[in-house]
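Labels run A, B, C and D following the written order; every chain starts at residue 1.
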């Protein structure tokens, strides 16, 4: 397996060749979206130049090529997360739509009054609002698992919140704010024992670590291509075959039907039942190229690489007394995301000033307001890593933080 | 204004430089999806190489650039269809989602028992199934306007079907099977008089003729980028501001909220309220490039050009006694789509055999089974034009048809 | 791709002849098969004598590929035992999926070998296999 | 982009000083303004004497840009009539949108001219205008 060399990898990413405001770009906003290697950019261009057509049912060459590309992408995703069947992979537009699909099609039809839906307090809004809607409409109870002082869900909390009335548990494998990797294996096992189905939001995990949905025995699993070197406009929903087959369609229209009459219709088998209208084939092509790129490097190597970066960054950051880390301060079960606050300097000012030095970070509530309320902070600054980052990026960031302090009249 | 020269235009389209099965490609499947000019392909690549970031709320340069690109695309669409406000333009993933959005958010909330929903019998499944669902759930009546012998909706039919109980009328401006341009001006005027809101499916019209939503006074209007030289994975929903503002959200999650608490949330203003999760920014970039390309040629010129092609093709086809045209046989109010059947030869065989001669057409029910049932035919073959087609494509097609006949042992 | 290899003489001949296209009087089994996506819709009728397929026929609409495939299949299975017929169906389906590269094994398919190249027209595979899946449904 | 042109001395000074950051005793008007997307949340308090803004202050949380903008605005409108204050708000908002290129017209904004270049940081425009929109709400 090739050892991961971020310097060499950086060369595949055209955006990283740019200067930002005259400075070297330290791109540390990977939780928001990732950059694309030339291999992905060219896969999309090539498709557009050579094989573009509307797939399905077309008898002509371009339509056949597009169908093949689309099927290959589905197969690639299936292998990537080790699903049992290709038809368990449904393409959506992003993680948000994947979660909404489950809420509309499963939640609205299988949840009843008095049932419980359990989330973690650290969830992204996309994994909260759909459940608020289901809970409200079905008169179910929405409950949250809270975090301990080191940003983790304890076993006690799991066993307290998940009961025999729990019908749905939906939780991110990795928090996009704290970097915590939640104990989803335990939650899945205990949840199943209590009779719940378990949905895992893999938006932040799948790009950064090996995931095996069969091994996890997870019921539904969603993620976005744009957070794993792929295009925007395409997301994935994995669902167990038996579950998907028993769910009614969500979007309806072209390509998801069997027979349509004036007053009623019958539907195609999965996955088509859930893919209404013309799908994002070029997005699927880009996603496949992205997965191939990631597999070439190796997800294990990427995870290892990010662990080293987190260790390096945490070490430097913990030495600066004016930095408060929001999230686990150890390396156990955490990914390449570090949220922090600076004494007396607002996250938005930090992000704006760092930007002028070519350092791209994110500041705000990170679409996790309930977590912010729980932590009693209005916002954090956040750095997040990927395979192209290196210690130079972190050094540039640490230097940047010192400049921010100076600008605000504090010592460094 | 430049006169439209399809030979010169063809050079902008890399796919048209290819041989298909050793033959010149006559791409006549534009109703299914259109090819992309190099200008669109490169706009997407350039974005991916230079300006890609997650828009909204990001303080760093790449995020700012992506936000600008996204806003510019919205503004371009607004101007293209002459909407009054930019926030009346909502990005979806395709026409199908645009129509589902209206059905879920408007239909499910403003339609009551006994109300009527009126469609044309020629609608695409994407403009039928969402209304079947609303009608079923809300106990409303789903009614169809039927066509006369020349594939048109008569004034009598309009006045018979639209009543004071009609709350929604949803109709394609141009039929994707017949090429008929429906009298939506009359339908909108009469429908408004009866108190209905009118939804127009512009998937087949917007790419091929000038459309002004204010002039039409239409309430909602949907279309897809991939049918107008743009990318797959991005569609558009136009809606009147007052209507959109009063509708509840449809997908929920990141970026469409104001404040989120554990048990409830408040929502952002339009258009964001309807755009949950990370949007397809590179799709929007490609769409903008596509609109610019179309505007450079001029929608009037494109429409005129297709009229000439239809006249040329109809003339040749009507001379062949074994061809039956399905759709208007005159040039009045019809676009560049011609459906037909051949005596004793199944449409799928026609399409497959034509493909071996480099002629790309579509065969089947064209996602319009109720129309097929109404016409009492199982399927048709369909050719559909765009700005890069020329009479040579049509000649190649006519020669192809003769070869199909010969292959089946008939004279030509 | 060579058009002859798909729309071959044997296929065009069966499409035209229609010698198996009729309703049986008092069939033992009637089974409908359809491809929603392309509208092919056939009804297969079988007359059994113990476990021998004594007679078979079909009615319905569809393209040349599906009509010919049905007719060729009927010629092939008539007079065979149910077991043999099912074995032929499996062999045919395996051939279409390119799971068999042993030409000898394919010989028992006789005229049905004409569909060997249909995978070069992926959109038409469903047309070629419709009758065979329908027969399988009917016999299982 | 030049950091000095945004995080200028005058802005950093106002962000630090906090001389307008307090609650008024018996204010005539209390108006809250907030930016959901970045969490800035201020409450403006005004004491009026006829149509003169006799005193003004604010409380709340936010970034340096929003805090400084609020403080500078308060310095500017204190002692002005409601009409003059509204006119200043409109001039400020027009400046931010780059609708005014006449430097003379901007002079009346005094220290608030410091925000002239905020459009170079589009993500921060909302922070700069928050207080001004809030004042407008309060006075209209």
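Note that in this section contacts are C-beta pairs under 8 Å (C-beta built on N, C-alpha and C of every residue); 3 or more make two chains touch, one makes a residue touch a chain.
Owing to the predicted nature of the structure, the values given are computational and were not obtained by experimental measurement.
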Longest centre-to-centre distance from chain A, chain (CA-based): C
B-C or A-C: which has the larger count of contacting C-beta pairs? B-C
So the centre of each chain is just the mean of its C-alpha atoms; given that, what is the distance between chain B and chain C in Å? 38
Could you tell me the distance, in whole angstrom, between the mean C-alpha positions of chain C and chain D? 80
On a C-alpha centroid basis, what's the spacing between chain A and chain B, in Å? 32
Chain A and chain C: spacing of chain centres that average the CA atoms, whole Å: 47
I need the residues of chain A touching at least two other chains; which ones are they? 21, 57-59, 63, 257, 259, 348, 352, 363-364
Residues of chain C whose C-beta touches two or more other chains: 37-38, 121, 123-124
The residues of chain C that touch chain A in their complex are 36-38, 121-124
Taking the touch rule as given, give the residues of chain A at its contact with chain C in the complex, in rising order. 56-59, 63-64, 67-68, 257-259, 266, 268
Give the list of chain A residues in touch with chain D in this complex. 21, 345-349, 352-353, 356, 363-365, 372, 378-379, 407-409
Quick check on the complex: what are the chain C residues that touch chain B? 1, 3, 6-7, 12, 16, 37-39, 41, 61-65, 121, 123-124, 127
Complex contacts: residues of chain A adjacent to chain B: 14-15, 18, 20-21, 27, 29, 32-33, 35-36, 40-41, 44-45, 48-50, 52-54, 57-63, 93-97, 99-100, 121, 124-130, 132-133, 135, 142, 144, 224, 226, 231-235, 251-255, 257, 259-265, 276-283, 348, 351-352, 354-355, 359-364, 367, 369-370, 373
